[in-house]
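In the two complexes below, chain A is the common chain; its partner is chain B in one and chain C in the other.
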Partner chain A sequence: MTRIGLIRLLVVAALIGALELACRSGLIDHRVIIAPSQMASALWTLLASGALDADIARTLGMIGLVIALSIVLGFAAGIAIHALPRLRRALDPFFATYYAVPVFIFYPVLIAIFGLSVMPIVLIGVATAIVAMIIATLNGLDRVPRVLGKVARVHRLGRFATALQLQLPAAAPYLFTGIKLAVSYGFIAVIAAEFILSPAGLGRDIADAYADFNNRRMYALILFLLVVATLVNAILHGLDMRFAARRSGDRS
Partner chain B sequence: MNAAPVPHEIHAQLSGVTRTYPTVPGAGAKMPVHALGPIDLDLLRGEFFAVVGPSGCGKSTFLEVLAGLQQPTAGAVTFEGKPVGGQVPEGIGVVFQEDASFPWLTVWDNVAFGLRRSGVAAPELRRRVEDAIAFVGLKDFARAYPSQLSGGMRQRVCIARTLVLQPRLILLDEPFGALDAQTRLLMGDEVLRLWRRTGATVLLITHALDEAAMLADRVGAMSARPGRFIEIIATGWPRGRDSTIVGEAAFGEITGRLWERLRGESLKALGHAAVPAMAAE
Partner chain C sequence: MTATRRTADTLFILFGLVVLWEILHRIAGETAMPAPLPTFAYLLHNLTTPRFIANLTTTGLELGYALLLAYGIGLAIGVWMGAHRLSGAVGEPILVSLYSLPKITLYPVVLLIFGLGISGKVAFGALHGVLPVALLTMGAIRAIPPVYLRAARTLQLSPWQTIATVLLPAALPEVFTGLRIGFTVTLLGVLLGEMFASKEGLGAMIMNALQLVQGEEMMTVAIVLFAFAALANGFLLFIEHRLHRRV
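So, the complex of A and B:
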């Protein structure tokens, strides 16, 4: 582990330790927050009982679906829009202001249309995440050196081969930014949609535990989601660093 | 790879070639720009031909038209007797001024890129890639990424990627433009070595008169836009030359003659009226 990584770990450990002390000493009321060790213990009990299995599978499955759809469709849309400069000029203002509009206001509309099912959650998730991927794809394609297009022609590559073998890897750092954003937005959108209104899922579980004043269950679920989201982001960050090191020449 | 050049056989030919761009990019008015020509040139098989000219005279356009990367507005281009148009013919390799190495691939994979596509058997591919990497002096860097190399080394990666495909016509578009003068001289020696070994016809675009005078059998001096050849000078250098010829009197004479032909054109390109050499004194 690097020195910076160690400092980072110590900061997190200190904060958790401080929260533990504050809860155990009664400085923080247990009806507000329970001690981190109690959260971990409650989570372990819940996971061991298997009571969460169906909700975990449903929520993580939906997050995975939202992320996959956003990345694939966002990338395809980005390529198509990049190839049509007039369409891009027309759409640019929408992209620039997209995240200024709370997309979630359409969630009730989607429920009214599709009913209380998986569909509205997936759609609101994709609507939240896809534009980040489109913007990242456009940025990435803008930054592909023009000379690579000439190299492709010298090697007599077709359009598909050029996109796959040259444009995609050349734009990869920017695409990776889009992927990271799509993952974050996917998590946020699915959990938030479940929290607002859903027949099942971890977000719904948290909302129910909150309504029942069941702090042990609520914090256990929150801890679970924090751990999963942190792990996924750590993996993505690690991959990003690895690719960046190749390109920047830092191979340490 | 060691094909002996056949003297005076026409390898590539441009006849009455012009290139006009319909608009000036970024300009308000839609004014067509006559960038090149008319150009008539016979490139002889196995010769080293250099093109020099003022900035913006159409040197790179000339190369791209010859390569098949751009269509001429008028005239015809042939390579090995077949018309060039629409796409780059097999047998032509191009090294660009910009760094065109692939940063996501190692040096080895960069060089192997074209061969992998052509379906060459693995042992043959390995042999040719290693040979090309060794030729450009990057054997110890085969597993390095371009970001770990200097600008000159990255350009050598691009040269190796071209060389490994065994092109019969190698087009070099100011490949050393970003390098310092000493490195350029050494890279010039490498290009001469490459030229001798492959027996390929080489066309070099450069803005450096000394580079053109040192490397080429013939140097085409191009006018300000629209670029056309105002003189083609035969250098008369032996095939086994290297950068040490820069100390010879003939080198100074060739360079001086090129500058004499290009001075007025360079002033035109800068927007000045052509003036006699001593007028300013």
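So, the complex of A and C:
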């Protein structure tokens, strides 16, 4: 491990240690925050009991569905919009302001339309994540070098082969950025929707535990979600690094 | 010529969205999704009622305080991590991973610490805004050409003078980008805070309208918030472009 990585590890460990000490010594009331070791042990008990299994499957399944839909539909929409320059120019102002307006405020409206079910959560998740994928696809297709079109003609590649062998690899880094954002937005939107109002799921569990003053359960659930989100982000970051290394390797 | 055609196309899409709304209204029915025209009538009629203004003021106040906190703390962290190389190298990945976490999971913790009143929502909004402000400020200061700093040393400026007369002016355009993104996510944080266990503010108003099945009110609040966010973002973008041109 590098020196900076080591320092970072020590800083994080010191912060957690300080929290542990402050909670154990009573400096922080246990009704506000419980010690990190207690959070971990509460989570361990909760996971071992299997009581969370249904909600974990539900929430992670929903996040997976939202991410998959956003990536596939966003990619398709990006290709379609890229092929229609006039539509694209007209849509540009919408793309530019989309993430500046609180789209999430439509979640209650979706509940009013579809009822308190899975549907509003999936829709608000896709609505939050898909536009990042569309924008990334447009960016990626913009950056495909023109010379690749000539290469395709020289090699007499068909349209499909050109797309698969030349355009897709050239646009790949931008598409990956879109995927990363879609994953992040999908996570945030689904958990937020569950937390605010939903029939079940981990977000709802946290809200219920908060309402019941059940701090052990609440902090165990929070810890679980933070660990999962951090892990997913770390995996995506690792893939990103590997792609970047391979691309720079290509050039040398 | 092309610019007017583009604007016409954009307006056409906006019109298409209203048509889509009307279709949704026909499918979903009167109670779930009111028609566009009655909603606009309701909007014009209710914008000036004391109840709406009270909620608007609460949200505005919370947003103001949250921005003050997010900008103050974010700029301080950003300047520190940008100027001090080791702190930046150690802290940046921590901030980046915090930035992409679903912060809503921490809202109960914020509520336990700050209580259910205005301060909980302010803290939650600020929690959202601090990270982009800090990250972009740090990036901006790191991107300053080292020769500027050498000039500051040659002129024997104090650390404060260096920050005020060299670092901030050089970094301002990119810092402003951080402030703009910080504004967006702080607004989102405040609204999310209002949507859960709150009785005041526009976010609470929309949740309340959901329970009372008042579709017009829900759409009215959503439209007002969209318009406000889009206008504010447009204004901040305008300033940002001017700053970029000036440098």
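Keep in mind that, in the parts below, the second predicted complex is superposed on the first by the 244 of 252 C-alpha atoms of A that agree within 3 Å, B and C clash if a C-alpha of one lies under 4 Å from a C-alpha of the other, contacts with A are read in each partner's own complex, and residues count from 1 in each chain.
By definition in this document, a residue touches a chain if its C-beta (ideal position, glycine included) is under 8 Å from a C-beta of that chain, and two chains touch if they have at least 3 such contacts.
Nothing here was measured: the structure is a model prediction, and the numbers come from that model.
Novice: Going by the contact rule stated at the top, is it chain B or chain C that touches a larger number of residues on chain A?
Specialist: The partner that reaches more residues of chain A in the superposed model: C.
Novice: Would you sort A:V151 into first (chain B), second (chain C), both or neither based on which partner it touches?
Specialist: Once the two structures are laid over each other on A, A:V151 reaches chain B alone.
Novice: Thinking of the overlay built on chain A, is A:V32 touched by chain B (first), by chain C (second), by both, or by neither?
Specialist: second
Novice: Given the touch rule stated above, what does A:R242 touch, chain B (first), chain C (second), both, or neither?
Specialist: In the superposed model, A:R242 contacts neither chain B nor chain C.
Novice: So, does A:R8 touch the first partner chain B, the second partner chain C, both, or neither?
Specialist: In the superposed model, A:R8 contacts chain C only, not chain B.
Novice: For chain C, which residues are in contact with chain A within the complex?
Specialist: 6, 9-10, 12-13, 24, 28, 31-33, 86, 89-91, 93-94, 97, 100-109, 111-113, 184, 187-188, 191-192, 195-196, 203, 206-207, 209-210, 213, 215, 218-219, 221-222, 225-226, 229-230, 232-234
Novice: How about chain B: which of its residues touch chain A in the complex?
Specialist: For this pair, the touching residues of chain B are 64, 67-69, 87-88, 90, 92-94, 96, 98-100, 102-105, 113-114, 117, 145, 147-148.
Novice: Hey, which residues of chain A end up touching chain B in the complex?
Specialist: It is residues 145-148, 150-151, 153-157, 161, 166, 169-170, 172, 243, 246-249, 251 of chain A that touch chain B.
Novice: Can you check the complex and tell me which residues of chain A touch chain C?
Specialist: Against chain C, chain A makes touches at 4, 7-8, 11-12, 31-33, 86-87, 89-91, 93-94, 97, 99-102, 104-106, 108-109, 111-113, 184, 187-188, 191-192, 195-197, 203, 206-207, 209-210, 218, 221-222, 225-226, 229-230, 233-234.
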